[in-house]
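Both complexes shown next keep chain A, but they swap its partner, so chain B is in the first and chain C is in the second.
This part shows the complex of A and B:
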């Protein structure tokens, strides 16, 4: 269910109406789009001199002159089991059920404060809506797939997904963003809200096609004693800029951000994580492992903010980089802003090149060069993979990494 | 006499531009156990690495003939598949790769994937681990990561048991082992030795040779074998130490004049 190039819309106010109509939205949803469009127009375009944009030029994400791809996501469940109706809807259906826009998309909502989020709110052209009912545990991971087919003319795709984990719900959600050929600008926004005691594993798979520039926003709000584990998995796309933010709003919340980036060719990944400790006794843990082949590049910026009074905060972050080629380049930038005094906060980064001794050790046991390389890289990712829960998910991820390895290493 | 399993002739090896082995000769026939002893820095590990095909150890002249074929140009994995095994003095950790998965990949490559059934492999692995006093949960642990010195050495011998080599090179397998572990490891090696197999036991001390009885003992000093003999030579060296040999053959000693 994709709108192809011939009936693509442009970034004009009139397009809002068409989009809203095509999606069957009520009038108040269109009004919210208009407000977002105004906010977008009023906000300045980011400058290269801004800290967040120093290493990835914001102009790459200029949406002007592009058509809009409209896409309905697919929902299914990973692994074997009884056929079940997955708990997910296209965003606009969920919105209609709610009967109003969520606060973040409202006139003074957080989404309207940032240029690209406002753009997404105005021209939203896809996305998923997932409500995890109170006290329920999902046995199998829910998979949401956004698969943009080959496009002929330059286009933009603005999916907005919203996941609400009600009190004491427990689930794993895997959301995959993918595209085929063509010049695509993808600017997804994902909002996750965890109510008290909710527990969520969320995997964002960024497997865009070669011609895609992706600008991703993930925002999570964590209420008291809720637990979140995010995995950002970056394998596809030409240029990726991602802002991943955890807001520890309630005491005792635990926010774990994991990352696996496997870059090859000329791929560029620039990921900012931010753990916002607004209240005491929060725990955040970031582990980002990037393996870089050929002339690829990665930038990891780990931000930790601890508000005044957010005592007993425990914040940890680690970024490991494995450089598989002399031409690959990785940067690791920690940014800590700590305004409370009784906190524990650590940061670490490592950069390793391909280890000749490991290679020789494996080869001395009969493994050909390519197998040895593959095993070393798999091992490098394992530290992150083993943090995840559920054999079905782990196996699925291993398969995905294997696939990337086959295309980028030819092994 | 049978054809040699391994014949090393006039081997010269350089590491990082530095000449370490300087004309080493050695012949190992099937069924023979040779001990190579020598002081620290004499080139024992260099010989091991060069025989296994480490790319940093450059053969500058001489030949290594294994089963009638010159192998000094072959990559390490090819040598492994042809039946050469090195138990490392300092085994390398491979983070994130479990010992079980690693060994399965190794055994598949060495024996051929079609000849390895996962279930039988697992059984064999468990049996070998039991023989060597290695706890079963080690199969799930990452290769050499956080292993004690002794655990690493046992795991090297475990790998040897699984790969069933024709030529085994044990580089200071005794170091880091207490006396009980030494016995278990030595028994493990002895169980594997067949009449077709050749073994090079490289050691600094004599004590391992109480358990693995060598047929020949060679003394390596400054990149050359300066003395060869039977098992009694090991005891002699133990009593005498290496000092005298170092004075006469060490790098600082007067050059040996041909014909002198």
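This part shows the complex of A and C:
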């Protein structure tokens, strides 16, 4: 399931060829990598003075001097049932089948406009390719797992996943990124494209190991009347910086971005969400809950952008922060940039600790202090988890949060 | 020269819409050339016969000003040319305390603005600043007997140098930002208020700021100190004539509310639409003290102003209540900053904005809680109305929370005037124009009801004026 190059490659143009050869790619794929490498070299490295990087130093993600991890993802289905025909492939296989690079990875594509996305496009070393055929509805959630084994020397991992929901398809995809020990820089890029009327639930589970710094890009394009529900679940990794972007390109599109972060120890999560309303009658809804234990830190930056003419936009954004320790630190920057008038855009942010009334009530019913706290945190997560459809998925996610809670709180 | 005629037409147009757009002929005791030099700063200081230490501060600040970059965030400030500004204009020799002694043309100006009348009716003291200097000053005798000091800043520096020296620049250091440094280097005029222990000044003190000359920079400096257990309400109003060249207003306002005292500071900013209004306002509230900024932004081309309250000790309370009206060609980038440095402190921000005719209103705010500050309550609410498809509204709040025992909430909404509300009012016989104006007045009401009646009436009238013709 997992393979790794015996000889670690480094970030030099010459490595592109070796990487492309190892993955058995055609010549045009290598050309696209070269173009991306040039774009990467030409783009300036982000500065700490830039708004997006003020609270997480970009130097942490400097890829120089690292070997490259090559990895093939595992595909299976969540829950019980008949085996189905798999709809997922390793990225390079999907690419070969398509016969050309997708537009976003092309010479003037959006991925080549940003430093780390261009890096990923050049040194892509894994990832999944999911095509949901027209009108097809998947009964069980598809699970994609990227599991990086223990590494000895400093390494970098650049998975690129692409999910295309064709017209009126319906599916749930759960993509987990995980690593064992070692000094790893992971910079995954996930691109989701929904055609008219497509409907997708997508869960990104970030369970990186303790030595991992993760820089994640999730970019979604929604065509007319398509619906998307994303859950970003952050539990692992030392430092995480994530950019989650929803582009409402077609009228009547609905984008729901959910987030759950449970940070402990010295963990640092810095998540940027952006809802781009380009056209009228879009609906976006963001709910991001962060629970912080010990000396952890979280930063939530959310923006709702409504372009001129995007009338009848309905956008909501909420960030809740639960501070579980005196040393935890949370930032919230929920922004609105509204250039149309016939809209309803609202946002809210709250910061609290354990609700003493709730805790008192639970204790009065005979629950020990630790159990009462655990119940309150569970409730805080449940608010988000319950937004998802499918009992198997909800149960699986609740189990994941429980696991993190046990290691973090020792209860 | 084809441009000149259109420019003149535009100026004419703005003039006809703006009630305070008239200007006086210039007849000044001193008017500096354009641009800022070390020599000019020394000259200002010499003309004011200032102590040596103030000149030192000015010159140091000038160096800081030169070394600081222009802010790259917020509004577009590229139109400011620091070499095309008159930094110091002295209209008369001294601040008069008798209205009759004020030069005739200035008196006429303030008469037109209704200042002396307002003073007679409901104010405890008035200060009127014209260009760089305060030209008229008065305070009710009973307050003076209680030890209340209400002076122009230059007068305070002459009469109470030790108090000024103790507090000057302690709330806003010169290195805070480029415009605070500029103000520190060339400041002139502004108000100085000291309210002694236990004294409650129950009716407001007022200052009125007027820019008359073209390409003028006004840099007033205000310092208010309330001793333990005292209270003061200070109101300021601002206007300027309309010229084709832009003026710059870069004030620094420092408030110090000592234990158990309260300061309420009300601003109704109605600069003409060719003034860059870049003001640094900050307060320190000590044990059980309260500071309230009531901040109305109607005028100016660009305003960047974020009244701040540093909650220094336990029990301190801060409140910002602000409205912004961004019309054609205006960018109101206003907000509030609450910094909780001590436990058991609380803050509230209520911001309301309207954008119209392509105007842009932005809320930019900060709530910061330091790790040692426990049991904090803070609530921020921003509401915005956008009246037409060309206009824009932004919200940029930052919350930086370093303590767990907090209750912090932030809410914001952006919407248009509700169709149902307009329909209901029209069904009761109101015209569409009147219905929308009534809704806008209602939207601003939490602000207007905090103003003294005369101001509330004036503000409602201004809003009505701004709203005229808003329905095609």
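Basically, the second predicted complex is superposed on the first by the 405 of 411 C-alpha atoms of A that agree within 3 Å, B and C clash if a C-alpha of one lies under 4 Å from a C-alpha of the other, contacts with A are read in each partner's own complex, and residues count from 1 in each chain.
Throughout what follows, a residue touches a chain if its C-beta (ideal position, glycine included) is under 8 Å from a C-beta of that chain, and two chains touch if they have at least 3 such contacts.
What you see is a predicted model, and the numbers here were worked out from it, not measured in a lab.
Trainee: Given the superposition on chain A, are chain B and chain C in a clash or a fit?
Mentor: Fit: chain B and chain C sit side by side once superposed on chain A.
Trainee: Just to be sure I read the superposition right, which of the two partners does A:395 touch: chain B = first, chain C = second, or both, or neither?
Mentor: So A:395 meets neither chain B nor chain C here.
Trainee: Return first, second, both or neither, reflecting whether A:364 touches chain B, chain C, both chains, or no partner chain.
Mentor: In the superposed model, A:364 contacts chain B only, not chain C.
Trainee: For A:376, select first, second, both or neither according to whether it touches chain B, chain C, the two together, or no partner.
Mentor: A:376: touches chain B, not chain C.
Trainee: Just chain B (first), just chain C (second), both, or neither: which does A:12 touch?
Mentor: neither
Trainee: According to the stated criteria, A:347 is in contact with first (chain B), second (chain C), both, or neither; which is it?
Mentor: After superposing on A, A:347 lies in contact with chain C but is clear of chain B.
Trainee: Should A:406 be classified as contacting the first partner (chain B), the second (chain C), both, or neither?
Mentor: neither
Trainee: Looking at chain A, which partner touches more of its residues: chain C or chain B?
Mentor: The larger set of chain A residues in touch belongs to C.
Trainee: When the two complexes are placed on top of each other via chain A, what is the minimal CA separation of chain B and chain C in Å?
Mentor: 14
Trainee: Could you please specify the touching residues of chain B with respect to chain A in the complex?
Mentor: 52-56, 75-77, 79-81, 85-86, 88, 91-97, 102-103, 105-106, 109-110, 142, 159, 163
Trainee: Write out the stretch or stretches of chain C touching chain A in their complex.
Mentor: So the residues of chain C in touch with chain A come to 73, 371, 384, 386-416.
Trainee: In the complex of these two chains, what residues of chain A are touching chain B?
Mentor: Listed in rising order, the residues are 355-358, 360-369, 371-372, 375-376, 378-383.
Trainee: Quick one: which bits of chain A touch chain C in the complex? Just the residue numbers, please.
Mentor: Result: residues 51, 308-309, 311, 321, 323-353 of chain A touch chain C.
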